[in-house]
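Structure record follows, encoded as structure tokens.
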Amino acid sequence: MEPLIAIQDLVVALPPGADRAHAVDRVSLTINPNEILCILGESGSGKSLTAHAVMGLLPRGVSASSGHIRFGGTDLLALPPSGLRKLRGRDIAMIFQDPMAALNPVITIGRQITEQIRAHRTLPQKEALALAAGLLAEMGLKDPKALLKSFPHQLSGGQRQRVMIAMALSLSPKLLIADEPTTALDVTTQAQILKLIKRIQAEREMSVLLITHDFGVVADMADSVAVMRYGRVVESGATNDVLGNPSHDYTRALIAAVPRGESRLPPPAEGQPLVQVKGLTKRFSRGGFFSRAPAIVALDDISLSLSRGETLGVVGESGSGKSTLARCVIRLLDPDAGEVLLEEADIAHMRRSALRPLRRRIQMVFQDPFSSLNPRQTVGDILIAGPKAYGEDLKEARRRAADMLSLVGLSPQCLNRLPHEFSGGQRQRIGLARALMLKPEVLIADEPVSALDVTVQAKVLKLLDDVRRQMNLAMLFITHDMRVAAEICHRVMVMRHGRIVEQGPTKDVFAAPSSDYTKALLAAIPGRQAR
Amino acid sequence: MNRLSYIGARLIKTVLVALTVVLLSFFLVRLAPGDTATVMAGQAGFADEAFMKSLRAEYGLDQPVPVQLWKYLSAVAKGDLGSSFVRRQPVLDVILERLPNTLLLNGFALLVAIAGGVAMGMMAARRPGSAMDASMTVLSMVFYAMPQFWLGMMAMLMFSVWLGWLPPFGLETMGADYTGLARIGDIAVHMILPGVTLALYFMASYARLTRTAMIEVADQDFVKTARAKGLREGQVARRHILRNALIPLITFAGLQSAILVGGSVLVENVFSWPGIGTLAYEAVTTRDNPLLLGIFIVTAVLVGLFNLATDIAYSIADPRVELGR
Amino acid sequence: MLDRRAVLGGTGLLAFPAQGRAADKRRIINAMMTDEPAHLNYPLFNTRIMQEICGNINESLLLFDWQFKPHPNLARAFEMSPDGMTYTFHLRPDVRWHDGVPFTARDVAFSCGVMLPQLNPRSRNAFSHVGEIKVVDRCTIRFDMKQPFNAFLLSLMASSAPMMPAHIYEGTNFRTNPFNFKPIGTGPFKFAEWRRGQFIHLARNDHYWRPGQPGMDGIYYRLCPTPEQRLVAMESGAADFAMADDIDTVVNSRMVANPNVVARSDAFNGTGEISVMEMNQRRWPFSDRRFRAAFMHAIDRNFLVKAINFGLGKVATSPIPSNLPYHDDKAVVKYPFDPARARALLDEMGMKPGRGGVRHRFGIMMIPDGGGYWTRAAHYIKQALSEVGLEVNLESTDWPTFSRRSGNWEFDVDCNSYGQYGDPAIGTARFFLSSNIRKGVPQSNIQGYNNPEVDALFHQAAVAVDPAEVQRHYSRLQYVLTRDVAMVWLYERQPMFFYNKRLKNVIMGPNGPADGFGSVTLA
Amino acid sequence: MRHFLRIFLSRPIPLAGLAIFAVIVALALLAPLLFARGPFIIVGMPLLPPGAPGLLAGSDVLGRDMAVGLAYGARISLLVGITSTLGAVGIGVLLGAVAGYYGGWLDDLLMRVTEFFQIIPNFVLLMVLVAFLQPSLSSTVIGIALVTWPQVARVVRGEFLSLRGREFVQAARTLGMRDGAIIFTQILPNALPPIIVVGSMMVGSAILTESALSFLGLSDPNLLSWGSMIGGSRSAMWVAWWTTVLPGLAIMITVLALNFIGDGLNDALNPRRRR
């Protein structure tokens, strides 16, 4: 049948001085009516720019230099701006990645929706508002009338994305473009939004162009899929064909890198516990001098134990208190109550001077590769900072730094280069090397891979596990992604609102989860049902 | 915490701040050598010990400092800021008589500056890096680089001495004693030169602020959403970009309330504008301590009120900000 | 030398804005004040602006013509006993105070006996010679002197002895009397309104005793703080008078060339002001006469007057101004501009040039005049002295600091000026009498000059009756003072008085404005 | 560093700024060589227009050569501008760093003090300080530094507050670094760009403030600065425009050059570079 959108040999040029000439290089794609097409690719693959090109929303300095985008007989690239503007929001609609920033913070939800309606149809405001309320109800939002009068900051991430979808569908467009709509959301919310998009697409028999980097999402949502790399489509076709037997080796590598979500690690050897946490509690006070707002309880009576050579996973959504726990154990934060025993010494309430010698035995790897290294220091200086603080001989420390770099898979010449010359994955390796320089016994990894692309993620996880085995480290692994936890943890602990809802060997927790919350988390893992 | 108790708390804070201002400046002002009695003796041309002693007694300058401080504080609590040594008038009357002139001049200057600044900022932000952007940036930097007093004198030289279009000095034509509309017109004409001189100085900051704010907001996602809704560029610019870019302007205007109230000593001095600025200069040079303290207190209270007004305006402009949290 | 006016004319800047209003037919005089006086009690506060305002309200017994000869005013006639021991004044019977109360001898007795000596240091010196004041009858009053005082008549000049209403001030605290803010006098104009920070309005006194006066309906003294503002006010016709320090000497040529303005340089001869520098003679080297002489020789006072002060004034050769009685040019020791002589004197003192050619460093304390002619003179003198190896540090001050430091003798050299007010005994003596060395009091003999011969000569001159004897004493005095270089006399100031040509009979005597503007009428 | 220079010199505005500023500094330093005698020497009649014989820029109200005055005036302005800014930056960085890093009551105290400076009209406070210290070069420098350090303190506090939370600082704490080392080796180097930009702008405004003070006569009379030249010409302006126009132009050009340099620094050092 006649495709709704036909993209032929689209080329999007990057401004001079960028790392490569074209962001999108001769891409051809077709989207049929009543179909969901997914474009899958890692960051920098040009998937998002392709979507923006269709809407004519390319950023300043970036332009579609050649090719055609046919939409029902007209070539969008040839259309004058006013012509394209009439289509936008009416025939083709788009939703974006970060719902927090996608709505104008100073205008009510109601006015932002009616603004789109009345941009294309002359309708009195009262009627437009009624239409908007209907749309919000269709999206499953409770009490739409109140929502219309509220401001974006008063809504949760999930609610806002639903409002965005309602706004996009207000003029029943033929095509909805969704640029990584759920990446910024919690796992459970992500699942609900994807289900909503699937339902709406089916009910309205419209086409959806879904941009994602997560294979699970493709498996759950896509009728057909196109895999992009460095601005080119390497493979495309029906989802089952592409996922079933991928023809291109890059696709094969991508599929292999996605964590299965089943635990493959042998059960941990029963060792004498190195770290014991008992009844740990932490509160954050809110409000200034005048207001008496109640304090938020971040950790409520947490107890756990960790022995050498064992990896304990702490899993939970944002706000569950998992990273506060990590920071309390390493005393970046001072807990309000409870004990943190390192062998026999309770370091929870120790004075900083007494704590200092014990501190070198616990080290940490951080989440954001672009914030965890001091941009103004060379890698060498970063690595010897720990030994230097403890007064060790600097020449000796530099020599050990070179060995440590090769241990984490980087060449020793990196010593005198600056952090901005490395990729995200390489920076995490440097962060790990820094942590290991003080020969710690306990390693805390706070979401070490969540900021990395899938392929890089797999390599760093493998490195972490090798290092744990070689140096017999006790590792506390913090993550929000159940699949990653399954890959690397012997035991898993699920946290919600500052409390432990379930813990036990990874195999048992994944196979037969006891708490309903764990069940919901597992069910929400994209692509889990398909296989 | 509702708005009323927040505003109440802020008023108490303003009073507390005004009190600290009084304490600090009471001692600061006394540090300067010489006192008002010697000034008046010097000016009288003929003075002897008896005259000097009687002057000091009359103004209570011979009592120990703590006594003077306590007397002064209790008087201020009752709203009596003491009387000006040199002018022999209650300080409050002198200040209240001069305050409207300063508020009028600075208010006019601020409005001109905001209007001009925002316009320049928008023109610069429309196409960053273009010739228009560069020329607006250079122009605002030139305004920022000119010494205020010199700019005033150049304006006077140009429009009063050589062209004779505008009256150079004072609040109104001397001796004309206009009333009603004629007086308003007369004052308006007199306000042009000092007002524009002040405005150019403020305009530079507003232009730069608007430009950076507009460019930053233009990159936000909700602007992309607005375009995705099919709005015309003009609507996107006005309803979404400008609306959000104005918020930092409000905070900046709040910061300037001290200048709005304190008056610009320089411009008022050059144009002999009878405002708080010239009053402060006179108070410093004649060691009229009660008048100087009075000016500090009144400006402290007014700045506190202006800041409160700016915070309220800010919470109206930006719903994310709740008063009190 | 290049004629300055040609240069200024050349730059086309002499164009004058059109007169604000066509020659104004209204009978109101618009005058200006540089800053507002604290109150209007004439004897208590005797600055120039007070003389200009209160000169219209409070009158004196006598007026003086250009030769300083006395003429009747409130006193229709007077006699002096041959031995100079008694003075009798016959008052005009028909004079009334502004509040209708008749003016009588009781007012004169109160003013000269009580109020003036208590409030005004100048009057105190003059009336200290008076033994007893007798009220003979309603219109006659007699002064019995302790010893003859030939300057007694001159000390009755308007600015030194204004007659004050006894029924208002007698028995009250002169400083806090409410009438200080609404003065009562007998003069041609009476107090009408004072709007603080704006103007003081004097209305005509319809019951004024002198027939045909005042010629105008009222005077407004408007506050006009900066010199440029006053220049514009005069040029635009908004102001009729500009007195003494109102206009900076820099723009003097512009005013003189203005066709709408009459320029008079003799309006203040009565005051006879000399611009001087006082040396703290307690400190070496100022105690050494040779240093003071070298100081005088190093300065080209002709250049100072012609260039720095734009031609206003005359080089001062004597402590007594040239246009006042008893000035004797032959008696004085002259100090022409002679840097070589100055260097020789300094060498003679043993003050040899050290590193960088500097012989000695000292400070000159400046008058806070906002960059006016005082400051310029000080800068020129610093430059001139550096040519002979004397390095000057100019110390800027404000009024409180200036008064404190001069009164307490905390200075090396300071700038100042003093007025003669007609007779050396009134204006000049106070700066050289050793009895007037009083710590804490500015405008006294702060130099610490102590010469018994000078003390004696001032005393003898004051009490001598025969005019020739008085002249002999003052000539000797002028020789001794200039020989000792008792003070650095720079130049006799000629403060200008500008008035709009729509008015006439403005300046009637050497006291100028201090005698009031009763005679002023439309031209 | 190379990267920074390439960006800084690539744009016309900072390039022009640097060039003008270099000329002015050279003029100030070489003044004794260019002109035989000092700025106070009286060379002829007062108020001679520019181009009069031997007088490039005419003579001022005392008959002194204005060209020499302008050259020597540059020294005072630059000296005051730079030293007062260094003083203000020194105090501001110290207090801002401590308040920003430790927070708590220290931070509140600093905020109250900076608030005090926002409430009191700054120039009036400066006049009181200068009057108290008796007008001189040092009192001007101290006065300006004392009145302007809060601007730097606010910027440094803001930077430290945001950098304190960054992960590389938390890493430094876990590695056992003492607070002092963390402040000076980890946080301060990253807080330098905004400090340098604010600093360059403050030199310009310090020059303006110094000229304002000397315009009002609150400066050392033995020194000739651009401000005092304008102050002395308030009346002369009516008969001799150059006595006011020329020193004013000199101030404007110098401050403009500094603003250009500041804009260039802001662009070159700003991580999120626009364009």
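Note that the chains take the letters A, B, C and D in the order they are written out, and that residue 1 is the start of every chain.
Please note the rule applied: a contact is a pair of C-beta atoms (placed from the backbone, for glycine too) under 8 Å apart; a residue touches a chain by one contact, two chains touch by 3 or more.
This structure is a prediction, so every number in the text was calculated from the model and none was measured.
Asker: Does A-D or A-B have the larger number of C-beta pairs in contact?
Answerer: When the contacts at A-D and A-B are counted, A-B has more.
Asker: With centres defined as the mean C-alpha position, give me the chain A-chain B separation in Å.
Answerer: 50
Asker: When the C-alpha atoms of chain A and chain C are each averaged to a single point, how far apart are the two points in Å?
Answerer: 89
Asker: How far is the middle of chain B from the middle of chain C, if each middle is the mean of its Cα atoms, in Å?
Answerer: 41
Asker: Please list all residues of chain D that touch 2 or more other chains.
Answerer: Answer for chain D, listing residues that touch two or more other chains: 131, 134, 234, 237-238, 241.
Asker: For chain C, give me the residues that contact two or more of the other chains.
Answerer: If we look for residues of chain C contacting two or more partner chains, we find 13, 226, 228, 368, 398, 401.
Asker: Where does chain B touch two or more other chains at once, residue-wise?
Answerer: As it turns out, chain B has residues touching two or more other chains at 32-33, 161, 269, 285.
Asker: So which chains end up touching which?
Answerer: Pairs flagged as touching, ordered by label: A-B, A-D, B-C, B-D, C-D.
Asker: In the complex of these two chains, what residues of chain A are touching chain D?
Answerer: 327, 330, 332, 356, 359-360, 362-364, 366-368, 371-377, 385-386, 389-390, 431, 434, 438
Asker: Which stretch or stretches of chain C touch chain D in the complex?
Answerer: Residues 1-2, 4, 7-8, 10-11, 13, 226-228, 231, 248, 250-251, 253-254, 307-308, 310, 366, 368, 370-372, 375-376, 378-380, 382-383, 386, 393-396, 398, 401.
Asker: Where on chain D does chain A make contact in their complex?
Answerer: 166-168, 170-178, 181, 185-186, 189-190
Asker: Would you mind writing out the residues of chain D in touch with chain C in their complex?
Answerer: Touching chain C from chain D are residues 40-42, 45-49, 61-63, 131, 134-135, 217, 219-222, 231-232, 234-241.
Asker: With touch defined as at the start, can you tell me which chain A residues reach chain B in the complex?
Answerer: 55, 57, 85-90, 93-94, 96, 98, 101-107, 115-116, 119-120, 151, 153, 164, 167-168, 287-288, 290-291, 293
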